[in-house]
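Take a look at the structures listed below.
Heads up, the next two complexes both have subunit A, just with different partners, subunit B and then subunit C.
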Partner chain A sequence: MISKSETFVSKFQKYGIITSILILILILYLIFPDIVAVVRLLLSNPVAVLGTGLFKLIIFPGLIYISLVPLIAEWVERKIVAKMQVRVGPLYVGGWEGFLQPIADLLKLISKEIIIPKNADKLIFVLSPILVFIIGALPSVVVPYSPNYVIWNYEFGVLLFFAVLGFYPLAVLTAAWSSNNKYSFIGGLRALYQLASYEVPLFLATLPSVMLANSLSLSGIAASQSRVWFVAFAPISAVVFFVAMMAELERIPFDTPEADSELVTGWTTEYAGMAWGLLQFASYVKLTALSGVFVVLFLGGWQGPAFFPPVVWSLVKVAAVILILLLARGYYPRIRIDQLVRAGWGWLIPLCIVNILALVAFQPYLAAFVR
Partner chain B sequence: MVDIFIPIILVALSSIAALFSLESKSLVYGAISLAMFFVGLSLFFFYLGLPYLAIFQLAIYVGAIAVLIMFTVMVVGEGTSREGRPRLIVLGLLGFVVIVSSLYFALSYFGSVSTTQTQPGFSMQLLTAALIDHYGLLILVLGLLLTAAAFGAVALARREVEES
Partner chain C sequence: MLAPDSGPFWFLVFFMLLAATGAGLLLLAMRLAPRGRGLLKEETYESGQVPPGGKRVRLAMQYFSFLLLFLVFDVVAMFLFAWGFSFFGYGQLQSAYMVLLLLFLLPPIYLTLRVARNVGV
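So, the complex of A and B:
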């Protein structure tokens, strides 16, 4: 059912771009009144720009980095899963192994029409993908990639990260409800159950790292792993965090909300064009943020032998975690809903508590290894 | 001057969201604006230099309570849409004007809220120790009371099978 009100879409697309550019410029000016000075610095001494806040916000741990990782990750995922299933995957675009396929897909999605269903709640339907993307991208703000490369080195970074991540079900639910489609709605409810119940083990699994480092700042936690990575003291929590992370991302063994053999594509069913692209993008951006936080909490953040700079160690570890997350798609079938619930409440939460209790018992002996 | 306007804008936005959550005809819109009201409130706490309070406001009220309310509304269904109550909206807008203008005068009279001196000697460990040492029994009693209330709510909300 295609909407009659095409004018609404075209108006939204036309004025939406202009207003969003204006708002972006306004926000940039409000955050960085010295933007003129930064531009002048760029012209005179380009290397010095690497440390400025504007560079961090827009280029490295910020916007361009979190936009590039999804493109690379999507190509790697398609290629690897194809090899595992004895296919070839993307092959032609860009010459070598079709490595420009994600960019071709992006251009296709941008040029497609965004179809709004006739009975959808138009305002919420249009705003939901934007909200999902913002909530997926916002936690990246506090994830450190080196002592210097962190956008906001916040004192309560761990709390803020998971508090913002807690909004995600809200945006998913509005997207599902406003589509006015039974598959979307069932997918949205499943996503809500899954996200809300797996947040509990995810939160509990961060506790050992916070207890060991005695700090709520992600930079502080990474800095206190210079001797031993916390995965050595909290192996159970690391595994639990990884599994809960997969469930939070709705990735393959836990993709009941998207179950493409039952629910078309779950809560994203009615979205087309770049609105759907934005939702996919948001899930990969969230994947980057969660992998970054997993590296900081358990794999020592930027710590590593000194022959590489800290940023390289961070990126290598994050890439490895993302790769393992992507590989799971080729290995596992989707688990049933009752298995999902039993795994979350019956196994992951008790295991977390076991790890926390063990850590409380042995904490006096571990103090020598921290920092 | 900016220091005066930031809280006023925050309070104005959250009051409008609160008013809308009470008066909107659609329950789903009401639930969404309730979530926006909670976000505005937590931004206000951030402005006042209370990051713990702000983050827990975000995590619990937006992340859990607003989501649960939304979930309930969607599962139960819209039902009959509520009637608009124009007189109450006028009253609410009047109250909103009174609150914002009194805040404006208070701030311009006493000066802006200082955000520099945050958390004088505050530590979570001290707070926890104080709670457990002095009010441990009270916390237990409160917890039991809340559990009893939850059981009571379940008992009250239980539908008789014979009726349906």
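So, the complex of A and C:
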């Protein structure tokens, strides 16, 4: 007997493949001149390929980079948390310390069935992982890793970053509601409260950097930290941003939306196989984007002593921030939803305001240090 | 605006590329994975129980007031960015009005938290 879900899956496959091929043809049509240019450069001057828009889009701050970081981060996280809990973690896949485990996970997820519950809102249920993934990955477009390595060097990059990220709770709630499951819905509501509560501190903690740099572009903010990193003038904001970042990523001290001992896996309960994998992928991609923006706002972006090129400094700092974010998983217990909301509104926002007030009070002395 | 090799152009292409990647991964999984037999797998997951009755659940949104507060704060934060963008262009006296606006934000938070505590949320 063929169920409604199976007919839906075959229909979705048919139209999905047609739509994807159309999108790919459109992309190829749009970037065809660039492909021709890159091929010509490869023949004449291969090093110059590193500066082209197509290279940035596909490889370095673009698609390949944001797909590789989650794979590495997942292995590092499992390994480190295992060491902290006196386990060994992944050990066999790939020989040395199981470093190919994420690839094995990816292959496993691709070869698993995506089960669509019969009561779910099927089309939205299948489309919302893609939506979550797009919204999680799109902010990376304005994050600079060096003066050159940024896909879109936008004058209002800070606003674009947080505007795109502002759609994330909506996508999460869509996924939760379309699953039509109690656990998913409770998890989705918690995610909504959490993401909404911590978006305001995240946004307000960005303000000191914008004030000091007199610029809304992320490249401009990074460039104006050539003397002193802004973490020196806005230490409170840096801490608040870091905490709010953890909450936005739904990582361990703030993982109430997917609390696995209360809500199965929260708003991702009904997702299986690659649909779940895509949601997880989206969360790690968002982690990359937010760590990148934290480095740009407070840790000087690509600035550093000249014995390394700027890109290396950016990557080292981003890796350090990601590592600290991952370590938190081994240390802290989960906090309750009311504690979480109270901490967000009652502590983080007043702390942000304190930092802004301090900047206003010391304004005449600050101008000498910046730029 | 959408000139080739400009920022917005790459933004658009990146958006489409992400959509194609996400959809491609899902479609690949649907194509590769074997389909299990039986209708029981399509039941709503309720920790092993067969879900009784109701399709949609209704839940109390206890923290609704915080969502309203979020609306206010997001708008105010946008105004703050308009000011912070040219912070060194103004004197301290002009910035004092912005400080006042910031301080006006604190009583609503205090009130909301207090009401929440009294209600027992």
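The definition used in the following text is that the second predicted complex is superposed on the first by the 347 of 371 C-alpha atoms of A that agree within 3 Å, B and C clash if a C-alpha of one lies under 4 Å from a C-alpha of the other, contacts with A are read in each partner's own complex, and residues count from 1 in each chain.
Basically, contacts are C-beta pairs under 8 Å (C-beta built on N, C-alpha and C of every residue); 3 or more make two chains touch, one makes a residue touch a chain.
Just so it is clear, the model here is predicted, and its values are computed rather than measured.
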Practice item. For A:L63, decide between first (touching subunit B), second (touching subunit C), both and neither. Key: second
Review point. Looking at the overlay, what does A:I124 touch: subunit B (first), subunit C (second), both, or neither?
Key: first
Practice item. Report for A:L41: first if it touches subunit B alone, second if subunit C alone, otherwise both or neither. Key: neither
Review point. Of the partners subunit B and subunit C, which touch A:L159 in the superposed model: first, second, both, neither?
Key: both
Point to revise | subunit B versus subunit C, judged by how many residues of subunit A each one touches | key: C
**Study point:** First (subunit B), second (subunit C), both or neither touched by A:A358
**Key:** neither
Practice item. Please work out whether A:T174 is in contact with subunit B alone, subunit C alone, both, or neither, and reply first, second, both or neither. Key: first
Review point. In the superposed arrangement, which partner chain does A:L189 touch: subunit B (first), subunit C (second), both, or neither?
Key: both
Check your understanding: For A:L26, is the partner it touches subunit B (first), subunit C (second), both, or none of the two (neither)?
Key -> second
Practice item. Please write out, lowest number first, the residues of subunit A touched by both subunit B and subunit C across the two complexes. Key: 159, 166, 185, 189, 192, 196, 199
Revision key, fill the gap. Per the touch rule above, subunit A residues touching subunit B in the complex are 121, 124, 155-156, 159-160, 162-164, 166-167, 169-170, 173-174, 177, 185, 189, 192, 196, 199
Study note, to complete from the structure: Within the complex, subunit C is touched by subunit A residues 1, 3, 5-6, 9, 12-13, 16-17, 19-20, 23-24, 26-27, 30-31, 33-34, 53, 56-57, 62-63, 109-119, 126, 129-130, 133-134, 137-138, 141, 151-154, 158-159, 166, 180-183, 185-186, 189, 192-193, 196-197, 199-200, 203-204, 207-208, 210-212, 214-216, 264, 269-270, 273-275, 277-278, 337-338, 341-342, 345-346, 349-350, 353, 356-357, 359-361, 363-364, 366-367, 370
Revision key, fill the gap. In their shared complex, subunit A is touched by residues of subunit C numbered 4-5, 7-36, 39, 41-47, 55-57, 59, 61, 63, 66-67, 69-70, 73-74, 77, 80-81, 84-89, 92, 95-96, 98-99, 102-103, 105-106, 109, 112-113, 116, 121
**Study point:** Of subunit B, residues touching subunit A in the complex
**Key:** 28, 32, 35, 51-52, 55-56, 58-59, 62-64, 66-67, 70-71, 74-75
